[in-house]
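The same chain A turns up in both complexes below, where it pairs with chain B and then with chain C.
So, the complex of A and B:
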């Protein structure tokens, strides 16, 4: 028994570690969206701010990227769901000897690296373009077209897998019955098969859209004039990161959580309704007024959903009235003071050193201490001037007075100020 | 018209049948087979300016593959040490990431599949949510954590583990963590699917016979879950060897991933044939490695993707 409880504990510890690896980064990233320093960080906490959200919504490139992503997404969903459906239907009908080969071919794009798919799409359509003797800016080398084609190559395989799973439970007798009763093939397809496949088609479409939205490897070769949101994000992240990206991530995380909770609540509610229907008496069912369970009753997901929604509304509401200017000014002032103290120390140390050196070399060169001493009084007048020798020492990092913790100088000053920053917490 | 085509159109009708056939042919031939062949063909051609393509200079050559192995012609070294090392390192690292993911995910998949209860749904939900966050943003989140002034360094320095911040990015720790992080779900789901169908009585029987937990896993669960494990490993290996976003964001400045070389050939050097040759090498090597491992562990191709 003791052994058993030990195992339980270790399982829970393992689960906790695993999920903190999985969710911790997202939580920390979300937190950085509300912290005021220009470099995304969760600690030290400075000021609660919403400015990164407004910075995000003023960013032309991000907005343009979202627009392109939606365009590409719609095209990819249409193309890959229809190709996936056709592929799945074909799988049930194809000549048995060919089936294994055919399955390997349509499943292969999942395993081919996205980079390879992007390159092959680019190369192939470039060649087709040239074969037709079209210009370099024709329809076939258009970024939108290439991206949709490239993404659909492998997203259709995902769709096919989802659709095949549902198609396996389809009774082909239904189609035959419809045909016997005089329906045309198109009618039998539209009125019998399609309604049966609808749930799978819906989930395939959602899957396809999300896969298209977050794709980077393929799109990075094909996007041309239509950078999607993911491409824009990657370029921003590679050339300097700001908390505005965290803000975007926070919005996406929130939307995902909403969607997941909503889906969960919906499923749970269906189960509850089914259970209530089962336990209701015949009279209640007949009269149609049996008691349906409330949306929130014994539905944890729905409760959480409502709580999250309220919290979001509260945060957005407070964001419109809250101004962090005072706090930011305070922190700036505090940092300035800290910097000054540090510089004073530095100068003291340097003065000591200079004095010692001067004492050692007093007989060698008499004008040297004079030279070193001369610039110092002039430094006292301007704060930035005092800073200059320090900045020069730290491999010329461009440290300005206001932002001593800019990411650019993490080589020198980041570490110098780190312990200090921790103290202030 | 051949017999099977006639049958096919009888079964599906002319209109619907040709739409279906058209879509499938477009997908398999136009999107999958032709582009790959075209890339293969392209990789054997010299890098020419557009007007000269198809001209007398456009002959097949092994130049692009020679470049990967021997480096630029007349170079000082016998072998293209830089690119080959990147290639080798990418493969080794992808294998390590796969093994790390397998060890991390097997217990979770087993736990999720063999435990009943409401909290399992919550855990599954928590697994799926990070997967729908953009790949770039996930890498970005790890970069915030592993940065020089990131939270991990703050904690470690604060606890006195290190005196100065440790550079996780330059040491590639951030990269490996990011790659492992990105593909956790692809490892868990196939294993979960297989273990879920394992009859619990088999485990109980083994336990009644006196087998210890490690032995039960080794002799009962793992042999049963082999198709799931191999399909998870295949996907994680292929995806991490072909990853581009994580190495670009989390990789150290001096260390490259092989896909980054391909990217450079295409975008910075605009040497498309060279890039295509590198892509072919990557694809073929990965497929051969996967096939060899599947032969070694006696798994069939048909089990993949289930």
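So, the complex of A and C:
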């Protein structure tokens, strides 16, 4: 019994660790989106603020990146889902002996690094562009076109995997039945196969959009004048990060949660309706008295969805009236005071030091003539003197003075490659 | 019976690579007939059906429907409708949408389609169930929906590919009479594929018995049962006891066969096989289990067989007695249960008698394997 409870506890501990590993970074990052310091951090907590969200929505580059990402996403979804569907259909139709080979070839883009796909897309379409004798700003070298094409090469393979899984459950007898009843091949495809594939097409489309949205490796070579969100973020982070990016991440997390909850609620509702239909009698179904179960009844996901939606509305509502200016001012004042205290301490310490030194010098002065030690101008910043206007010039001057005197070798190998090294020994 | 559209197969060959699935099939199916292809699985009967419906191009020969050659005409252009073995109802469409799919293809309005669907639902006794999904129906109901869907296309020929094989026994028997009923009502030609001789015999006007791509015999049920023309037809349709031997003497329509293990036995020559057996030929003699009756033990003669009882079975309508003759020759006897008393004769010798007209002698050939 004891072992059993120990087992249970360790399972819970494991789960807690696992989920904190999985979700911890997201939670921390979401918190930083609401904290007022200019560098994203969760602690120390200063002021609740929504300014990073407004900062985000005023950032032209981010907004433009989102727009481009959506454009690329829509293009990639269209192209890769249709290519994936064609590939999947081909796989079920192809001569069985060729199937394994064909499968390997069509799966290969998933295994090829995104960087390689990016470079090869760029090189290939540049060649094609030149072959047609087009300018550098032609359609074929357009960043949007190249990104969609490049991403679709491997995203189409993902789509195909999703679609093949569903297609394998398809009874080709259904197509034959449709043909037998007078449908053309196109009609059989549209009216029978496509409705059957719809759920898989939807999953493939979502997968393709997400894969396109988060893609960096391939896009970084092909984006041209259409930087996507990931590209913009990467470029921004290079020059320092602000909580506005956390705000964006928070919004994406929230949207994901909404989508997941909505999907879950939808599936649950379908199950409930199917169960209700099954238990309903023929008369109820026929007479139209059949009552569908309510949206919220025994549907946990729907309840959670509504609660989260209401919480979001409440937060957004309060954000429009809430002003953190007072808090920020308070924190500023507090910081100023803290800084002042520290400066006082520093001054005090320096005064003590100076007094001590003066005493030592007084001792030495008795043996040697006093040397006037001109103190350098003090600099309190954490960067030392690197930002001092004269710092670089000084360094340069020092170096040029020192250089001729030093026969030194800067290489990590010391002077082992010095031709004289061996001889001298 | 109204004159429907006939189907003719002329010297039809279907090959898959080196494998010959159908060999030289010549069949005339009259308009309005209920015609069955009967044979074990893998004998090529479904292949013939697919050639008629247009999913397969014959390697050689022609399929004629209503006198028109169907060469190069696709399944969607032929006046046939096929009922698939697994029914192939469209799982995502409601019952009424399934039934009227052929109308949707032609662009009929939802109102027209609904009306026609309701008529057909009445006909198949599923009134008011049009809004269900196929998955919500029972096996027999699905069956009827599949028939209604095929009939809605107003085909000249309805093709059925073992449609009852997935149903349980009771339902199968019920659907047999129902199918026959529907066929009589609509008056179109039905071509029915089955491996169940009971289905073929009860429903069909005519039956073609198939074996390994070859059509052995075509005829109505009675002819095939009573006058099988090949050992295969004799052993596949219904049960039969086989006695191998050599022809001793031919006299008119009767033959004396010296069997390998049961002495000389008399039999008649099946209609249509006259003159095929000569003295000294290898022959097979077929006697159905129900053709035997009991005779005083030890009676000798050319229509008596003596053997040991090994097993007795009571089946309800019959008593089945399994016997073993000389050299392990197995004989099955089915005595009708007419209320008489039966004593067990387990292990005893018994003598069986049969009427010569109930025994058929055929040239030796391939038997149906159980």
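Here, the second predicted complex is superposed on the first by the 348 of 425 C-alpha atoms of A that agree within 3 Å, B and C clash if a C-alpha of one lies under 4 Å from a C-alpha of the other, contacts with A are read in each partner's own complex, and residues count from 1 in each chain.
As a working rule, a contact is a pair of C-beta atoms (placed from the backbone, for glycine too) under 8 Å apart; a residue touches a chain by one contact, two chains touch by 3 or more.
Keep in mind that this is a model prediction, so the values were computed, not measured.
Student: Would you mind checking whether chain B and chain C clash or fit side by side on chain A after the superposition?
Tutor: fit
Student: One more residue to check, A:258. First (chain B), second (chain C), both or neither?
Tutor: Touch partners of A:258: none, neither chain B nor chain C.
Student: Which partner does A:277 contact after superposing on A: first (chain B), second (chain C), both, neither?
Tutor: second
Student: Look at A:191 in the shared chain and tell me whether it touches chain B only, chain C only, both, or neither; answer first, second, both or neither.
Tutor: second
Student: Tell me which touches more residues of chain A here: chain C or chain B.
Tutor: In the superposed model, B touches more residues of chain A.
Student: Let me test your reading of the model: by the given contact rule, A:114 touches which partner, first (chain B), second (chain C), both or neither?
Tutor: first
Student: Touch test for A:182: chain B only (first), chain C only (second), both, or neither?
Tutor: In the superposed model, A:182 contacts chain C only, not chain B.
Student: Output check: A:83 vs chain B and chain C. Expected answer is one of first, second, both, neither. What do you get?
Tutor: After superposing on A, A:83 lies in contact with chain B but is clear of chain C.
Student: For A:173, is the partner it touches chain B (first), chain C (second), both, or none of the two (neither)?
Tutor: Second partner only, chain C.
Student: Just to confirm the geometry: in the superposition, how small does the C-alpha gap between chain B and chain C get, in angstrom?
Tutor: Least C-alpha distance after superposition: 9 Å.
Student: Overlap the chain B and chain C contact sets on chain A and report the shared residues.
Tutor: 184
Student: Over in the complex, which chain A residues touch chain B? Could you list them?
Tutor: 11, 14-15, 18-19, 21-26, 28-29, 32, 39-43, 82-83, 86-87, 89-90, 93, 95, 100, 102-117, 119-125, 127, 130, 136, 149, 152-153, 156, 161, 184-186, 189, 210, 213-214, 216-217, 220-221, 229-230, 233-234, 237-238, 241, 245-246, 248-249, 252-253, 256-257, 260, 264, 300, 405, 410, 414-415, 418-419, 422
Student: Write out the stretch or stretches of chain C touching chain A in their complex.
Tutor: 53-55, 74-77, 80-82, 84, 86, 88-92, 101-102, 104-106, 128-129, 131-132, 136, 149-150, 153
Student: Okay, in this complex, where on chain A does chain C touch?
Tutor: Residues of chain A touching chain C: 171, 173-174, 176-184, 187, 191-192, 195-196, 277-278, 282, 285-286.
Student: Within the complex, which stretch of chain B touches chain A?
Tutor: The touching residues are 4, 8, 11-17, 19-21, 23-24, 26-28, 31-36, 38-39, 42, 50, 53-54, 104, 107-108, 111, 118, 121, 123, 125-130, 132-145, 147-151, 154, 157-158, 164-165, 181, 184, 234-235, 238-239, 241-245, 248-249, 259, 262-263, 266, 272, 275-276, 279, 282-283, 286-287, 290, 301-302, 304-305.
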